[in-house]
Amino acid sequence: MILDTLTSPVILFFILGFFAACIRSDLAIPEAFAKAMSIYLMAAIGLKGGVEVASTGFSVDLAAAAVSGVLLGFTLPILAFILLRSFAKLGAIDAGAVAAHYGSVSVVTFVTAIELLTATGLRPDGFMVGVMALMEIPAIITGLLLARAYSKRLKESEEADTEGGSNLMHEVLTNGSVILLLGAFIIGFIAGAEGFAPIEPLFSVGFKGVLCLFLLDMGLIAARRLLETRKITISLATLAIVLPIINGTIGTVVGTLIGLDPGSAAILGVLCASASYIAVPAAMRLALPQADPGIYLAMSLGITFPFNILFGISLFAAIAKFLG
Amino acid sequence: MILDTLTSPVILFFILGFFAACIRSDLAIPEAFAKAMSIYLMAAIGLKGGVEVASTGFSVDLAAAAVSGVLLGFTLPILAFILLRSFAKLGAIDAGAVAAHYGSVSVVTFVTAIELLTATGLRPDGFMVGVMALMEIPAIITGLLLARAYSKRLKESEEADTEGGSNLMHEVLTNGSVILLLGAFIIGFIAGAEGFAPIEPLFSVGFKGVLCLFLLDMGLIAARRLLETRKITISLATLAIVLPIINGTIGTVVGTLIGLDPGSAAILGVLCASASYIAVPAAMRLALPQADPGIYLAMSLGITFPFNILFGISLFAAIAKFLG
Amino acid sequence: MILDTLTSPVILFFILGFFAACIRSDLAIPEAFAKAMSIYLMAAIGLKGGVEVASTGFSVDLAAAAVSGVLLGFTLPILAFILLRSFAKLGAIDAGAVAAHYGSVSVVTFVTAIELLTATGLRPDGFMVGVMALMEIPAIITGLLLARAYSKRLKESEEADTEGGSNLMHEVLTNGSVILLLGAFIIGFIAGAEGFAPIEPLFSVGFKGVLCLFLLDMGLIAARRLLETRKITISLATLAIVLPIINGTIGTVVGTLIGLDPGSAAILGVLCASASYIAVPAAMRLALPQADPGIYLAMSLGITFPFNILFGISLFAAIAKFLG
Amino acid sequence: MVATVKRKRIEILVDNPLVPKIVNYVKKVDISGWSVIKIASGGGRDGRWQQDEVSGAAAKSIVLLIANEEKAQRLTDALAPLLDSHSLLLTIANVEVVRGDRF
Amino acid sequence: MVATVKRKRIEILVDNPLVPKIVNYVKKVDISGWSVIKIASGGGRDGRWQQDEVSGAAAKSIVLLIANEEKAQRLTDALAPLLDSHSLLLTIANVEVVRGDRF
Amino acid sequence: MVATVKRKRIEILVDNPLVPKIVNYVKKVDISGWSVIKIASGGGRDGRWQQDEVSGAAAKSIVLLIANEEKAQRLTDALAPLLDSHSLLLTIANVEVVRGDRF
C-alpha cells in the first residue's frame, strides 16, 4: 500500500507543495481559499457520515468507537507528556501543550486516510466522522490539567487571571470545526440519502480534487514551518515520529479489540496518531499563552503530519489488516 | 410545505449557521469565499434565466411581470415609510433608508425560493431573474425622495454637498450585482442552450451545494447582526416581520392578477417581501450617511431575511396556490 | 471563427467584465477567489497535459516544440526591444522590461486558446502545456541582458547592488506558476489516466465555467488598467497590437515548419503572441525596479491581452489552417 | 546621514462605500497619493462588527495619507463637516519622511 | 480652522486567538472602540511566518485604539502583566484627533 | 505605572515583490523583527490601483518596524539609495513602547 500511497495524486500534490517550499518557491495558496477548502471538506465528510448513519442506524460499534475515542483522547496525552518531559526535557507548560496536540486529531489526516483506505478496499464506517469530532476536545482538557499540575509558574499566574477557565471551555466546545463537523453530520442524518441527493453533486464531484489542492497547501505549510523553526531539537523531532507510531498502534489495537472492521480500526489508529493543528493551537494560545507555538506547530504540522500522510496511514492499515 | 422547508439541507445549513452564532462559536466563512459564492450564484441564475428566455422567447407575461416589479419597487417604500414613521417613530432619514431596503430585493432569498418552489412543483418562469434585477433599484430612488421631502436637516446639508446626486445615480445603476445579473442574463440569452452546454456543468453541479454553504454564512451573519445590535426596538422588530408579510401578499396578489403562473406569482411575492442587504446598504451609506446602518441592517439581515427563508417563502407559495 | 469566438460565453464574460469596468461599475472579484481560480486552471491544464503525454509517450514533435519554444523565448525580445526603442522611443530600461513581457507567455491566453481551438476542431497536443511552462522564463533573461547592455545608469547601480543576480535567478526559476504547471504536469504523467480518474471530476466539470468567471475578472482588470494608465502613448498602443501579430505569426510559421499539427502550431503562435502579466512583472519589479510598471502592465494587460483573446487567437488559427 | 522632512501622517477611518468620496477630497486639496488599509473587525458605540463582504456596507477601511502641514490642514477643514454625519475618525500625527520632498 | 484634541494612538500586536481577550480589557477601561488590522506576514526571534488560516493560531493582528491619556495609561497598566507571557508588542504615540472629544 | 521606552516606528510602503529585499536589509541592521500589512488599494502619480493577485506585481504593502534610534538610522541610511529607484515611501515616527527593551 505504501507504493500506491506514494503515487496517488492526492499524495503527489502534498509532495509537490513540500518540495516547492523546500526550494523556497513563492507558490502560495490564498488563505481564504485554503479555509474555504477546509470548510468544504468538513461539510462534505460530516454530511456523508450523517447520511450513512441515517441508513445503517445507530449500532453497538458506533457506541463502542465513540466511547473508546473519547477515552483515548483523555488518556493518550499522559503518555506523551511523560515522554516529552523525560526524553525531550520540555518544561511542564510546553509538554502539556504538545501533549494536547497529540491527543487530539487532524481532520485532513483523517480525510486523506479515508480516501487511501477506501481506494485499497478497507472502507471505514461512516460513523467514524462523529468519533473524530468527539476526539477533538478531550485531550485539550488533559493537556491543560497536566500543565497546571506540574508548573509552579502557571499556578501563580492562574490566580491572577480568573476569567480564563470558563472562557476556554466555551471556546473549545464552540470551536468552529467541531460545530461544522457535528452540524453537517446531523444535517446529513436528518436529510438522509434522499434529502442529500440534490446537494450531493457538489460534495462528491469535487471532493478528491479539492483534497489534492488542499494537500498542496498543507505541503507548503508543513515544509515552511519546518524550515523556519528554530525550536526543534533532535529529541523533539524523534518524538514527533515516535508518538504517532505508539498512539496509532494503540488506537488500531483498541479498534480491533472493540470489534471494529479493519478499515474502521485503522482509522481509529490514524485518529490517535494524528496531531491537531487547528483547534488545539488556537486553544493553547488562549489557555497556555506561555507555551511556545514554535514547538507545537513545528512538531505537529512540520513532522507528524507529513509522516502520517506518507507512512503512518499505510502502517496502521497494515496493522489493522494483520490483526483483523 | 413548511415542514419540507425546515428539513431541506439548504435551510438546515442556515439554521446551523444561526445556531453557531447564537452560541458564539468562532465558526466563520472567509469573506472572499462568501463573495465568491455570491458571484457564482448570481452568474448561475442569470445564465439560466437568459437561456430559458432564449428558448421561450419574450412574452406578454415577461413584460407584465417586469412592469409590475418596477412599479411595486417604486411604490412599496411609501407604505413602509408611513408605517416606520407612525408606528416605529423613526425620523425621516432613517425611515427613508429602511423603506428603500424593503422596496428592493434580496438575491439570496430569491435563489432559495426558486429552489424550494421548484422542489415542491411550483417552478417559476426563467424571466423572473430579469425582473429581480430590475427591482433592485427603483426603491432606492423612492426612499431617498421620501427622506429628502420630510427631513429639514437633509435639505440644508444637500445644498452644500452638490456632487452627491449624479454620483449616486451612477453608483446605483452600475452596481456590481445588477451588472452581473443582467450581464449573465444577456450572455445566457445570446449563448442559448447550445452555447451554455459546455459551461453548464459548473453552474448546475455545484448550485445547490454552494447555496447550502452560502446560507450557512448567511445564518452566521444574520444572527451576529441581531445579537450585536443595540438599535432594535420592539416596534422595529414587529415591522421587520409585518412589512414582508404585507409586501409579499401584495406581490403575490399582483402576480396572480397579471396572469402569472402560481410559481412566478409566489416569486414576485417573495421579491416584494425580501429586503436588500447588499445594493441598498451601500447606496444608503453613500447617499444618506446620516441614516443609522445599525437599524437597517439589523432589520433586513437579522430579522426579515431569516423570517422569509423559514416562513415567508412557504406563506407566499400557499397564497399563490390558493389564488392560482 | 471570429464570430464563434465573439459569441462564446467564455469571451462574452470577458467582454462583460471589460464593459463593467468601462462604465466604472464597482463589480469586483475578490483577489483570493481570482488567485484560487488561477491555481485551479493551472493545476487542471498541467494535469491534463501530463496525462496525455503519459498515454502518447514522448515524441519528436514534443522535443521540437520544446526547443523551438525556448529559442523563440530567447530571441523574440530582441525584435521587440528594437521596435520599442526606435519606434516608441522608450529608454533601454523600460524597453528591456517590456520586451521581456512579450517574449514570455500568458497562461490565461493559452487556456482560452485551447478552449476555442478545441471547439473549432483544432485540438492542440497535450504536451504544449509543458512548452508553455518552459517559455515563461527565457525572455526574462534576454530582456535583462538587453536592458543592462544598453543602459549606462543601470551598469553603475548594478555594481552597488551585488546580491541581485543570484536572487533573481532563484526567484525566476522557482516562480509559483512555473512550479505549479510543471508539478501538475509531472503528477499527471506519473498518475496516468487511471490515477487521474478519481480526481478528474473536479478538474473537468468545472473547467470551462471557471474560465468564464476568470475571464470576467480579467476583463475588469484589463479595462481598469487601461483607464487608469497615464503612460501609454499612441506608438506604445500600436506596438501592443503589432508585436503580438508579428510574434504570433512567427510562432505559427515556426510551429508549422517543425511539423506540428495546425492546432499545436496555432497554440505556439498564441504563446509567442501573448505577453506575460504574472511571472514577468514580478521579476521586473525585482530585477529592474527602475522600469515603469505603468508601461508594461498597461501594454500587456490592457491592450495585448484583450487583443489576443478577441482577435489574435482566431488569426493564428486561420494562419495555421492556411499553412497546415 | 540621509535627509528627512517633517510631514503629517493622516489616518481617516471610514466606511468602505465612502472611500471614493474621501479620495475625491484628497485629490481636491492636491495631496499626491493615498493608501487604503482594510479593517478586519472592530467595535464602538454601535456594537462590534466583522468584515463580511456579503453586506460590505458596514465594513471599514483606513485611508492613509502623508502630506505637508498646509495640505493636511486644508483636507481636515474640507472634511470637517462630514465628520459627524459620516462618522469618520480622523487623526493626525507627526512623522519624518526620508527624502520626502514630493509629499 | 477645525479644532483638534490630543489623544493617544495605541497599537497592540497580538496573536489572533488572543484578540478577544485584549478587547475585553479595552472594554473594562471604557475605551470607546477599537479596530483590528490583520498582519499578512512577519518575522521575529521565532523565525518568519505567513498568515495561513489553516492553522490560524500563529497569525497576528494589530488592535488599534484611540484614547485619552488617562484611559491609555489604565489600559497599559492592565495589560502589563500579559506583555511577556502573551508576547504582546504595545506602542503608544501622540496624535491629534479632529473633533475627537468623544474618545 | 508601567515603564516605557522611546523607540522609532518605521513604515516602509513598498511593492509586494520587493518586500523580501527590504526584509534582508532589516536583518542586516539587526532589527529584531518586522510585520507586513497589505494595502488594499491606493493612488499616486501613476494613477489609482487595486490589489489584484492575478498580477500582484503592482500591489503594495507596508513593512512596519519598531526599532531604536540608532538602528532606525542605519536602516534608513542603507535604504536611501533605493528610495527613488524602487519608489519607496519611508516614514519615521516617535512612539513609546511598553516594556520594550528588547527592540
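Letters A, B, C, D, E and F name the chains as they come in the text, with residue numbers starting at 1 for each one.
Operating definition for what follows: a residue touches a chain if its C-beta (ideal position, glycine included) is under 8 Å from a C-beta of that chain, and two chains touch if they have at least 3 such contacts.
Keep in mind that this is a model prediction, so the values were computed, not measured.
Number of steps on the shortest path from chain C to chain D, with steps defined by chain touch: 2.
Each step here moves to a touching chain, and the least such steps from chain B to chain F number 2. Two copies of one sequence, chain D and chain F, touch each other mainly through non-matching residues, since under half of the numbers at the interface are common to both.
Superposition on CA atoms relates chain D and chain E by a rotation of 120 degrees, given as a multiple of 5. As a whole-number value, the distance joining the C-alpha centres of chain E and chain F reads 19 Å.
Chain A and chain B have Cα centroids separated by 41 Å. Chain B and chain D have Cα centroids separated by 33 Å. The residues of chain F that reach two or more other chains are 37-38, 48, 53, 93-94, listed in rising order. Residues of chain C in contact with two or more other chains: 28, 30-33, 35-36, 205-206. Chain pairs that touch one another, listed by label: A-B, A-C, A-E, B-C, B-D, C-F, D-E, D-F, E-F.
Residue ranges on chain D touching chain B, taken from their complex, read 15, 17-18, 21, 24, 46-58, 81-82, 85-87. In the complex of the two chains, the chain B residues touching chain A come out as 7-10, 12-13, 16, 19-20, 23-33, 36, 119, 204-213, 216.
Of all the residues in chain B, the ones that touch chain D in their complex are 28, 31-32, 34-35, 38, 157, 160, 163, 167, 217-218, 221, 224, 228-231, 277-278, 281-286, 289-290, 292-294, 297, 301.
The residues of chain A lying in touch with chain B in their complex are 30-33, 35-36, 39-40, 43, 47, 170-171, 174-177, 179-180, 183-184, 187, 190-191, 195-196, 198-203, 205-206, 282. Against chain D, the residues of chain E that register as touching in their complex are 1-2, 4, 7, 9, 19, 23, 32-38, 61, 66, 93-100, 103.
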